[in-house]
Structure formats: structure tokens, C-alpha cells
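In the two complexes that follow, subunit A is the common piece, with subunit B as its partner first and subunit C second.
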Partner chain A sequence: MNTIANEVQVQVRERSPLSIWRVLKNRWFLHAVSMIAFFAIWDYVAINRFLGSALARPYEVSLQLADMMVNPIAGKGLFGHIWASTQRILIGFAIGAVLATPLGLLMALNRYINAVVKPVFDLIKPMPPIAWISIAILWFGIGEPSKVFIIVIGTFVPCLLNAYNGVRLIEPQLYDVVRMLGGNRRDEILHVCFPAAFPAIFAGLQISLSAAWTCVLAAELVSARSGLGFITLLGMTLSRPALIVGGMVVIAIVAWLTTLLVTGLEKVLCPWKRELQTA
Partner chain B sequence: MAYEEVKIKTPLLLRVLPVASILAFFGAWQLIISLGIIPTTMLASPSQVISIFIEKLSEPNPDGAVLWVHAWTSIQEAFTGYLLALLIGIPLGLLMGWFSVAEGLARPIFEIIRPIPPIAWIPLTIFWFGIGISGKVFIIWLGGIVPCVINSFAGVRMTNPTLIQMARTYGATDWQIFTKLCIPSALPMVFGALQIALAYCWTTLVAAELLAADTGLGYLITMGRRLAMPDLVVLGMIMVGLTGAVIGVVIDWVEKRLLAGIRR
Partner chain C sequence: MKTETEYKILCEHISKEFIQKGSQRVRVLDDISLNVKQNEFVVILGPGQSGKSTLLRIIAGLEIPTSGRATLDGREVSGPGPDRGLVFQSYMLFPWKTVIGNVELGPKLRGIGKKERREIAQHYIELVGLTGFEKHYPHQLSGGMKQRVGIARAYANNPKVMLLDEPFGQLDAQTRYFMEKETARIWETEKRTVLFVTNNIDEAIFLGDRIISLHGKLPGRMHQVYDVHLPRPREHTDMEFLKLRHDITEASELTL
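Take a look at the complex of A and B:
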């Protein structure tokens, strides 16, 4: 029983009798059915070789994963490769975010800076970061700097766009309130712009983190001696499908964990964000 | 006239600065190469890029095809993947949003596939499909389908519950509510997905072509690197950016036309 003001709401929970139809429509039952079907079809396709010899059975993939935990591949264990990719992402992401976010804020707050930077940014914006790989290799060789450079480019664009739009799309009433209360430009920026733009900036960081994942994989597929992209590519060169699929599984898990981490961080850092619950 | 129109004058400086900034950008780019600060083996000057652009319009060497053949191949691949992603992703997302059975069945598989970047599929698809068009279409499809499903799902979920309750009161069936109420109210979100998916498809296309192709703009960039011809690389990058921007503008225009009446 919940009491809101002087209104009393009584929650009634309906209990219909247990029937087969209700079990069939239960969400967890359906989830289980779909997972079992997914792995069964995968196994079936792999055994009957509908796609040539290029698909490993789920069982083989799990064996391969267990093997990777123990035996190093190309001089590095599984966690070494995960760390190699993560390290590149962290360095590139940090550089990109630190450069782009303040620039985006400055562009939104000062129209002269905007007039100088916006046209050049608009020229660079439509080029996918992956298109920079070749020029990065020409500039920096095939070592670490070229990979970090691509990640910087990949994180730069979404970070800058979100910081810029985050400030520009603030409701004008908020400024009016600060001015009515006697605030000056500095108060406007500190008490309105930053808190109001923060959710958008954070969303930009989330987008650029997933962009960074894509970039690091592309860079490692083109040229690398370590990292998760390298593992999948190695699987292709050695014709070992289990290694490819195993690499993809690890990529999915690590990418999922990073997303989880950033979402958790957001809840802690900006609790005033109101978001639509879709799930 | 009850009111007087107020004209806000933009300062002259604000109108000059954007032009000056673009000119300075290209000027500086040309200068650092002409003065030899960055050697021509690393970066091509704007004038070199323009000259190779004119040359590539008619000359298939050294990468095997003239420029518009590359561009056409890329556009073909991107659009096939994009259209397939729309055809499968949008109905799937809409159904998942309204019917709990569809969500229960499709959600876990979707959640498994979603965190894998489409680029990670490239080695596997080369195995499955070779380096022909079908493999690239598959990768582009994977890149485009995720935003389609998410946006149409969220669009249906955002339908005003009061309207649904009203429809129920008037005796509408589940299917009627879905077709008459949920789909129209999800349309703005679905159109948002069209743009996002296109951007994803275009990025994925370049990645797919970098690794496995024999024509296409991504292939042009790769060949430029292999032949150590920075002018070819820069030309490829500019063409990719330009084509992507043009397609984006076209989609934007189509969206405005179609949504003219129902924009919220």
C-alpha cells in the first residue's frame, strides 16, 4: 500500500491459475528457449559444415578459450592481449577526450572560437576514423603511435560534438533564472552550462568509447603483433576458426564490461540525469 | 504591423572568420609541403590531390579502376547492406517493442551480438564468403541493424500509455493497437535510426574494404598506402568523407519530406 499525499493506492496483484500458456509466455522461459536454440543451431551448422570448415562448434570454442588462458599465443597470454588492446584504448581515449571536450565547450561558449574552429571541424567530421589508418601508418609507421592516433581521431569527433551540442541545447529559461537571481556570466557558465551539459558530455564519452573499440580492432587487424584484433586475424591466417570465434567472444565480453563500467560511473557522477527507461 | 522586425546584425568579424579559417587551413597545408617541412612521402599537398583527382577521373592505373568505379562499388555495397538492415532491423525492433513473446525470443541473441563491433566479424566473413561483395554486405548489415533495432524498440516503448489504455477501453485488439498506435508513434525514432544506421554502415564499409576488396574507396586508400602514394590516400579519404556527407544530406532531406506532418 503506497500513500501519495492524501490519496491511497492499493496495489492489487493478480494471480491467475498456473497454466501451460502462462509458462510458455514467461519471459525467462522464452529467454532460455532462445539461448538453447541459438547454440543448437550454431552447433548444427558447424557440424554439418554449411559454411565450409569455417565455423567452430561452441564446444571447440570453449576448449580454445580455456587453452588461451593457460598457453600464451604469440608470446603473450590471453590477459596480455586484452591488456594490450585496453592500453591503446585508454591512452587514445584519454588524449582524445581531454583535447575535444574543452574545445567543444569553448566553441559553444564563445562564438569567435566557434567561427574559427567549426568550418575546419566540419571538413574533418564526415571522414570515418578508419579511413585515417593508411595515413597514420604513413606518418607513424606500424607501431603503437599510429594505433593511438586512430583512436584519438575516433574519440575526438563524438566528444567534441556532444560537448558542443550539450551546451547549445540548454533550455534558455535556465539562463533566465540565473540572471534573475543576479548571476553574472561566470555564474551562468559554472552553475548552468556545466551541470546541464554534463549528461550530454558523458553520453559523448560513452559513444567515443565504443568508437575507440571499433578503431582499435580495425588498427589491429591491419597491422599488429598483440591485441584482441590480432588474435582473430591470427586465427584467420592459421585457418583456425575456433581461435577467431574465441577472439570474438573475448572482444564481446570485454566491450560489454567496459560499457557496464561507464554506465555505472554515470549513475554515480551525474545522478540528475533523467533518462527514459526503455528496458 | 503590430510589431517591428528586429534585425540582429552579426559582426563583420564573425562573417569573415569562417572563410579565413578555411583559407588558412588549406594555405597552411599547402605551405608545410611546399616548404618541405613535411616530406611529400608522408603527405600530399592540396594541389597534388586536385591533380590526381583529375587524373583518376580517366586513368585506371595504378590501382586498377577509375575513380567513379571505386565510388560506385562502395555505394552499391553500402546501400545493399543498409537496405537489408532496415528491412530486417526495423520490423524486428517494432515487434520486440510490443509483443513480449518476440522480445523474449530475440532479446538474448541480440544482446550477445550487440557488443561485438562489426569489424571483429571481418576475419570470419572472409572465411565464409571470400572477399566478394556478399561478405562486405554482411558486415555492413551487422553494423546497420543494431541502431535500427534499438531505435524502433525504444520508439514503440515510448508510446503514450494513456493512448494505449484508451484504445483498450474502446475494444481494440493487440494487433490493432500495434499497427494503428505504436508504429505511427515510433516513426520519428525510426527515422532517427535511418541516419545513425547510415553513418555506421559507411564507417563499417571503409573498414571492410581496407581488409578485403579489389575495388572501392577503402581499397583505393589501402593501395595508396601500399604504393606509398600519399596523394592517392588523401584523395580516397576526401572521397569517402564527401560521399558520406552527400548521402547524409540526401537522407536528411528525405526524412524532412516524409515526416513533414508528424514531427513532434
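Take a look at the complex of A and C:
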């Protein structure tokens, strides 16, 4: 242990005494200032009707949300609508990720598969997933399948691209290590390709998830009887700004929570990255 | 006259050309012949861009020579394999494996059972002085410690020869000096045939039984061979050490 003592560094953080300057520069203090300012300006704009009657006050929005928990809209309470959207996302996201990630890995590992799949994929890649809505409704009707289909399309592209690039960008000398230690192609894939591509795959899942939220909202705006996109659309048709803004706030919160879920999964499955963040 | 098999590593008239963009041929090695005896510590000394890493990769089996051949124990090198342990300049540890996970990979790939390979890994972790860091991930280690893992990983496969490719090139001067002493200690403890590539004259004299210097420009050609008869452990301030250092510096400046 002694032999490496001179290579280990110890960090000591010194605390300066409390002063007004330190409070003003404190991160949490500045966070609070920015949040209060945001809501104050919002409230000010709403009260003075700079945007006509189209902006609800923050407290009206919270009243609206509280009301929805008790009084259902279109047969569903607030949580019913949240679940409707989340369910679509989870199904579409799962199907998209399960199809695209292995395909991306295969494309990166086998140049023949790559040569066959890549041209078709490159053709579909630049197309925004929302462009599929009309054809999806023609194929699957206005029910759940068409919405799930849009989400599958939306999650497919980023999942595939990230899995593919995750393998493509691996430091080639890592393969040399496996070869020198007596490994074969199978060992290279098992000990280098998969673990090295893991962080990229998770980055793909994160991007896919936000794409999935865009897709589900677009699909719900076009045709739906439930979901958070439906709530905001209803707010527009009924001219109730509180309902629109309330829907938007809930969308942001739920989307953020689902992102946390993927981040949490990554932390469990990539311990070497977790250590990197806490260290 | 010694026969082929008495040399551990034998390189005969190795030349290597790479084809660059526009089918332009670049010659990086020109007619290199050298040998390394059992348990000998041979240093290949040359400045950057002298083809020395390419030579090591040819012996490792990761590159194929354009002409000539490399043999290990009299058998021609035809590809990478666990009979040679390679230590990389940029460590090349697996970031997703812990220290012990990295060190035990070689035995694992050769199908050695969990209990036994743990023991092997533990032994070499101890040898390189990393006891207590088995569960650490590479990013939690300093550069010197990372390369200790790299050395332990190569040792753990019990290779016939150790090939080290500028292993301390990324370390600061002080850590580097310290790691050189450690390398000498490890080599004294567990003797192996070593081929060590470096661009550092002090490092070459401190470690080598024999120093093979290459010309400074491409293609890399043999320049001179120095036998180092200094007793071990060596001192950088020893008169003999300084004289040899002076000689090698003078001779190699002419080639730059």
C-alpha cells in the first residue's frame, strides 16, 4: 500500500465564514430567486392580460388540476388521463427499443446485415415520425394501435442509431486486448462490444423517450378521447386556458419522471458510470 | 553459434509498409533483425515516429510484416495470442470491469475456473502493489495505478514474453521514475523475457540488459546495440550510468 501512497490525492475543502456575499452567491438561493421571478412574471402577465384572456394565473392552474382529481373529464380523472398517455408510451417505447436496439447492434457487428438494412433505414431516418400519423390512422384506425405505431416509429430511429454508433465508436485497441489475452470473436462481442455500447444505448433510450412524448401528444391531438394531449386540445376547444396550461405542466412532470426511470435503470446496469458521477 | 530456438524472440529482416490514402506507400520499418534471450530485458529505444511500436505490434501478431518474419520459441508469429503479454501506452483497461475483473480476464478467456483465476489475479495485484484496490473501477485510479493494472493483466496470463509499448509515456516525470523502479522490482521478482519500447534514454538504461536504438526518421532502421552491464538496482546518478547516457545521446543526435 505504501508504494502507491504518492499517487493518491486528498481533497480538503475549506469553508469561508458566513457573509451576505456568500448567501447571494449560494446556488440554492439563486435557484429560489429564479423560480420566484418566473412565477411572478407569469402571474403579472396573466393578471394584466397582456395575452388577452389566453393565459391562466398559476393559482388558477393549480385549482384546475386539483379539480380534475375530483371531477372527471371525458370519463377520466387526472390520473386516468396521465395513465392513458403513459401506457401508450410504455407500450410503443418497449416495442421500438426491443426491435431497434438489437438491429442496431447487428448492423454494427455484421457488415452484410449492415449493407442490406442501412439503405432502407437511411431512407426512413430523416422522416419526422409525425409524418406517419395520417397513414397510421388509415392502416390502424383511430384507436390505440395507430398511436402506439407512431411511438414505435419515433423511438426506433434514435434507438437504432445509438446502438449502432455505440459499437462503431469503440476504441479498436480494446479488441486487441481481448485477442492478446487469448479471446476470439465471441469474446470480443461479449467483453467489449456489449458493455462498451451500453452507455450509448441508454443515451438512445433517453432520446427515444422524449421523442415518444412528442409522438404521443401529436397523436392525441389528432384523435383521442383520453390522454394529456387530449386535455390540452379540449382546453383549446372549450377556451379554458387553465386546462391547457395545467395539461402542459402535468406533461412536463410526467415526462421528467419517466426520464428519471431510464436514468435509474442505467445507474443500476452501468455501475462503472454511476461511480463516475458520484466520485 | 546459437540455433534459432535458443532465442525467445527472433526477428529476421522485418520490413513493414503501410498504404496511405491515394495508394501511397509509406515504409515504417526497414530490415530489422534482433533477438531476445530467455529472461532478458531488451529495450527498443527510438524517438517518436521511428516505427518502434509497429515492430512491437508485429511481434504481438497484431500487424503482419511486409517482408521478413518474427518467431517466438522458433515458431513463426501468425497472430495475437496469450503466449505474449502486451502492455499498452494508453492502458486500454476495460472501464466496465473492476481492477480484479480486468486482471482475471486473461485466465477467464482461457477457461480457468472462477476460484483459481481469482487467486491468480490476486497474486499479480499484490505483485504490482494494488492490494486493497481490487473493487475499484479504472477511472478511480491514477495513471500510474492504471498501468499497474495493465501490467498485472498481462502477467496474469503467464505469457512467455512481455511486450511493453511505451507503458509510461502518459505519466508525469516523477510517477514515471517511480514506475520504472517498480518495473525493475517486478521483473526481479517474477523474471520474464521482456521487450520494452520507449523514447526515453534514462528509462532504457535504467531497465535494459540490452538497448537497441533505432534511427530517428522513417523508415525505422537499426542504429546501434548497447549492452548495459551496470549492476542492479541501478542509480540514475551513477558515473557509469551517466557515461552511457552521454554516449547514447551523442550517437542518437546524429540520426535526428
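Just so it is clear, the second predicted complex is superposed on the first by the 252 of 279 C-alpha atoms of A that agree within 3 Å, B and C clash if a C-alpha of one lies under 4 Å from a C-alpha of the other, contacts with A are read in each partner's own complex, and residues count from 1 in each chain.
Assume a residue touches a chain if its C-beta (ideal position, glycine included) is under 8 Å from a C-beta of that chain, and two chains touch if they have at least 3 such contacts.
Bear in mind that the values here come from a model prediction, so they are computed numbers and not experimental data.
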{"item": "First, second, both or neither for A:Thr232, with subunit B first and subunit C second", "value": "first"}
{"item": "Which superposed partner A:Ala97 touches (first subunit B, second subunit C, both, neither)", "value": "neither"}
{"item": "Touching partner for A:Ile201 - first (subunit B), second (subunit C), both, neither", "value": "neither"}
{"item": "Partner chain in contact with A:Val157 - subunit B first, subunit C second, else both or neither", "value": "neither"}
{"item": "Touched partner set for A:Arg111, first subunit B, second subunit C, both or neither", "value": "first"}
{"item": "Residues of subunit A contacting subunit B in one complex and subunit C in the other", "value": "276"}
{"item": "List of subunit B residues in touch with subunit A within their complex", "value": "13-14, 17-22, 25, 41-43, 100-101, 103-109, 112, 115-124, 126-128, 153-154, 157-158, 202-203, 206-207, 210-211, 218, 221-222, 224-225, 228, 230, 233-234, 236-238, 240-242, 244-245, 248"}
{"item": "Of subunit A, residues touching subunit B in the complex", "value": "25-27, 29-31, 33-35, 38, 51-52, 54-55, 111-112, 115-120, 123-124, 126-135, 137-139, 210, 213-214, 217-218, 221-222, 228-229, 232-233, 235-236, 241, 244-245, 247-248, 251-253, 255-256, 259, 276, 278"}
{"item": "Residues of subunit C defined as touching subunit A within the complex", "value": "60, 62, 79-82, 84-86, 88, 90, 92, 94-97, 105-106, 109-110, 129-132, 137-140, 142, 144-145, 148, 153-154, 157, 174-175, 178, 182"}
{"item": "Contact footprint of subunit C on subunit A as seen in their complex", "value": "1, 3-4, 6-9, 171, 173-174, 176-183, 187, 191-192, 195-196, 198, 270-272, 275-276, 279"}
